[in-house]
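Let me begin by presenting the structure, written as structure tokens, before commenting on it.
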């Protein structure tokens, strides 16, 4: 087997095997488990970096074999795949470090890290899937492997949240399966292709294809947290902070959004979707979700719930970008996939730090935390400003590109939505920042813990700082050759110029 | 109508009676007897119908012999089970007491 | 409700009976000619026995018979698995009728003789292992009711050996013929007659023993096994 | 070659003479040999195609022939895998101190022999004897130990099985009366398009086999019998035994259904299967006892099998093939997954010392391995990728779409969701951490490993479905060298 076929498999196996090893290790061997975790994460990062370099130079990494009559299992690394794979490889390493610190002295760590690795393996599979069938395979695997993470604490509330999570996502999976099976019946096994498959298709099939499109987007929309099927997301906040971070920034919601990107561009083709008028309703729905999520976030007092509603809003930016016909909209959507991930994971890391170090869970308990935990609070502030879209941070790049895309696609109302949403972002993030830095400590911290010299456990201290650095860099260096923005442009060019 | 066909039709009748007994009787031994009646009916159909076709035919006779042995084995096992069941519970029917969980 | 159910069942049974009767008539009318009887007549000479039914049972379709004996063995051992040794000594099950005891002394040897005859007759006229085994079992039942001691029927290695003997010999012949290069169960040429007689003899013993064991297997066992995982 | 498949009978006879512990050693040796023989037979057929094997040297219709084709040897191999797993598990799981356990091994081997006999059988009457062999051995296994509840379940099972067998035999009698042969291929060769008597015979046989397969609404006997038996026995019964009668029904249908069946019969059987999926899953969701959940899940999973009838009747050849492949995968994956699930359930019950679902609280912490096996098997039952259950569902979905029978799609999708409901109910119970009990028993490692292996096989089946299916579709020919020598 050649190296080009081997690398995608290795990228998958690095975390799959880690999961197996971790499950096999006894609960008490914490050091070994941490070592395995970190080694696997670093290895995966290396593999993904090598593949990214290869894709940039035009190497075709792909492997496939026939799984069922007429259906093949196919892994293929294209530019879009590497965008998502790179994001998850980087953030997995950071989240693993964070989770090791976060779960220190808690029970069931073997189970946690095992499923955690499975979860990342699924994400990697989703990124590298070469056709819809393979995508679905890993998409469902992700559903199953995140369930134990959501209910990890085993409380009645966690189980309730897990139940809702599973009802929503399995329901979405069924709709998605129906769509995929139907499409397979109509058109056979479709590999993802930058220009889609239906530029010229028998008009008699248009009706059925439209229905299939609706099924696919509806099924994927559940994980992407689109209105009205977003209900599971805020509840899933009972999960431990690293899980929330991963769920929101990389794994679950992004899998949904990424799936929609794949379906629109690589299956139907943006031309077909545009000509059939499929984009416009999706744009309205996404715009509504953007505003709805932000509005709901305003009223949440629980910090993690506020972040959750913010996620609902932010992920729909990606979908909004997809629906803007034209390269600029595409670039905006794709780059937000990455930028939002970095910003949101920073916020969740910080929220976790406040909870673990000070016992603070609510927004109104955060008064004066900036003095007690300056580094965490700086990271939080930077990410919040990024979310609002303050230049030159990551969020600004996204919103600017999206706005330009909206104008190019002659959908001026989208610019209005973007402005309004930014105002709302400011309205729910700035008060927190204000409380952190400018209000005095009102009451003693609910449950304070101290770790030596640093403001918190070292495992928890560094990850948010690193992600903060990233989010500043991707904004500042956006015009350079290797920034996410340039990469998204590379992808968009391939999509629009067959 | 040949006598062989008459055997087969008698077998059909026995099948009907046996089936009705099997469905309607609660007492375990009676159900078992109904099963035997049903079995006899089937064997009669097997032999009678084949015999009507081409005179005495050793194949169905051998089949019926095998069938009888199997039926006897099943009957004997059923009786052992029924006896022990009766011994342990004092019941003669399966009519319900819970859903089978102790 | 119950009455309705009864009526419905009766109606269904009647309908099925009528349909079945019609089917029998139709099948009898439209019977297809088959070459099976000719084949059978032509092969009978090579089967090692003269009586066609025995030939079918122990040669042409001997596989059926092998499995059938397997079914009997299963029933027999399931039966004794539920029994316990103690019950055999239960005096309540023993009759002490004087007449029965006297008749038994006449009947038992006679029945044993009859069994032997049936076994021997099987090769050329109606008869055979099962009939002989049934008579043997009946003899045992009579002896048991009469209170004659039969130590071999107690659950133990002897009983189990007896149960499985006929089956084991039959199987041994079958496997040996398969290993010798013939098909499974194919008797070597010329030995068919002798082998069939030998098989029938041990089968008779085992069938008698199984039926007797099933008769004797009494449902007394005080031992109680806790279910998996204990009480629920 | 095929003769070696009858060695289970020899193991049965030998193990009857030994006690439980010695029987265990003999049986473990026997299992090893059986697995090797089954594998080599499988490879032989995969390499050289299928053939008829005439027993006792007499060709059908005078003698009995075995039909050794790709499907049959695949099921022989499946039986070897699942039965070996259950046998090894049972050897550790059952208490050797009980005097009746010695009868486990002979019954187990007879069951195995009967299953092999059915997979390879091509003679209608011989299939009847094989079915009875299986039924009586299974009833004996359920009744082993002789508790009142077990006896009750065993009696219900026995009566249902006997009635089903007689209905089947009545059909055989009618067919023999009309066609004068017992060989299935022989009958298929002469049967015409309108044969009312033969059609009734087929109906009777299918009804009897449906009863033995526990098709809704004839499923009442299954949950008590499978729920009350010891876990390794339940695994055998649910994984393999119910498939035997279905296998015969499927073979009858595929040989004779196009002429003797009708659209009404096909759709009716499909509808009953659909009802079984929905009702069985719902009942599984409501059961208070762990093994009853698994048993009702079998009722539901068996329902899918009956979609074979509508999806192969009066449809195009490729569609029919898709459906057959889907059903075959469903049989195999359900056998593996359900056996894994019952064995894992047995371990869980051992561990918490209770059969109730709500006693599982906190067990996820002590027994993640068995729970994980249970979960993986559940994933296959739900039909989630990449398991064998998913591959089966996918093929059936494609067959439904291609034949325009879209109503089965709803059943397939809804059935998956309902399966998720009852499987996740178990997870939910075991993840709950508020129970005070810390008193869990740790079963031996062997017990934990076996269900995991089976569950992984069910999982992997989806990935290698294509090569597996290609063996099933092997050409069938009478190879010259293997036909029997006339004595």
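Letters A, B, C and D name the chains as they come in the text, with residue numbers starting at 1 for each one.
In the analysis below, a contact is a pair of C-beta atoms (placed from the backbone, for glycine too) under 8 Å apart; a residue touches a chain by one contact, two chains touch by 3 or more.
Computed from a prediction, not measured in an experiment: that's the story for all the values here.
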item: Interface with more contacting C-beta pairs, comparing B-D to C-D; value: C-D
item: Computed distance of Cα centres, chain C from chain A, in Å; value: 70
item: Between chain D and chain C, distance of the C-alpha-averaged centres to the nearest whole Å; value: 28
item: Separation of chain A from chain B, taking each centre as the mean of its C-alpha atoms, in whole Å; value: 66
item: Per-residue multi-chain contacts in chain B, two or more chains; value: 8, 15, 45, 49, 52-54, 59, 63, 66, 70, 73-74, 77, 81, 84-85, 88, 101-102
item: For chain D, residues that touch 2 or more chains besides their own; value: 125, 129, 132, 136, 139-140, 143, 146-147, 170, 174, 177-178, 180, 289, 355
item: Contacts with two or more other chains, residues of chain A listed in rising order; value: none
item: Category of the chain touch graph - line, ring, star, complete, other; value: other
item: Every chain pair meeting the contact rule; value: A-D, B-C, B-D, C-D
item: In the complex, chain D residues that touch chain A; value: 322, 325, 362, 364-365, 368-369, 372, 379, 384-386, 391, 394-395, 397-398, 401-402, 409, 413, 416-417, 420, 424, 427-428, 431-434, 462-466, 469
item: Interface residues, chain D side, partner chain C - complex; value: 2-4, 6-7, 9-10, 12-13, 16-17, 53-58, 61-64, 95, 98-100, 103, 106-107, 110, 113-114, 117, 125-126, 129-130, 132-133, 136-137, 139-140, 143-147, 170, 174, 177-181, 190, 195-198, 200-201, 230-231, 289, 346, 349-350, 352-356, 484-487
item: Chain B partner contacts - residues on chain D that touch it in the complex; value: 125, 128-129, 132, 135-136, 139-140, 143, 146-149, 151-156, 158-159, 162-163, 166, 169-170, 172-174, 176-178, 180, 182, 223-224, 227-228, 289, 292, 355
item: In the complex with chain D, residue positions of chain C that touch it; value: 19-20, 22-24, 26-28, 30-34, 36, 39-40, 43, 46, 59-64, 66-68, 70-71, 73-75, 77-78, 80-82, 157, 160-161, 163-164, 167-168, 171, 174-175, 178-179, 181-189, 192, 219, 221, 223-225, 227-232
item: In the complex, chain A residues that touch chain D; value: 23, 66-71, 73, 107-108, 110-111, 136-137, 140-141, 143-144, 147-148, 151, 153-156, 158-159, 162-163, 166, 170-171, 173-174, 177-178, 181-182, 184-185
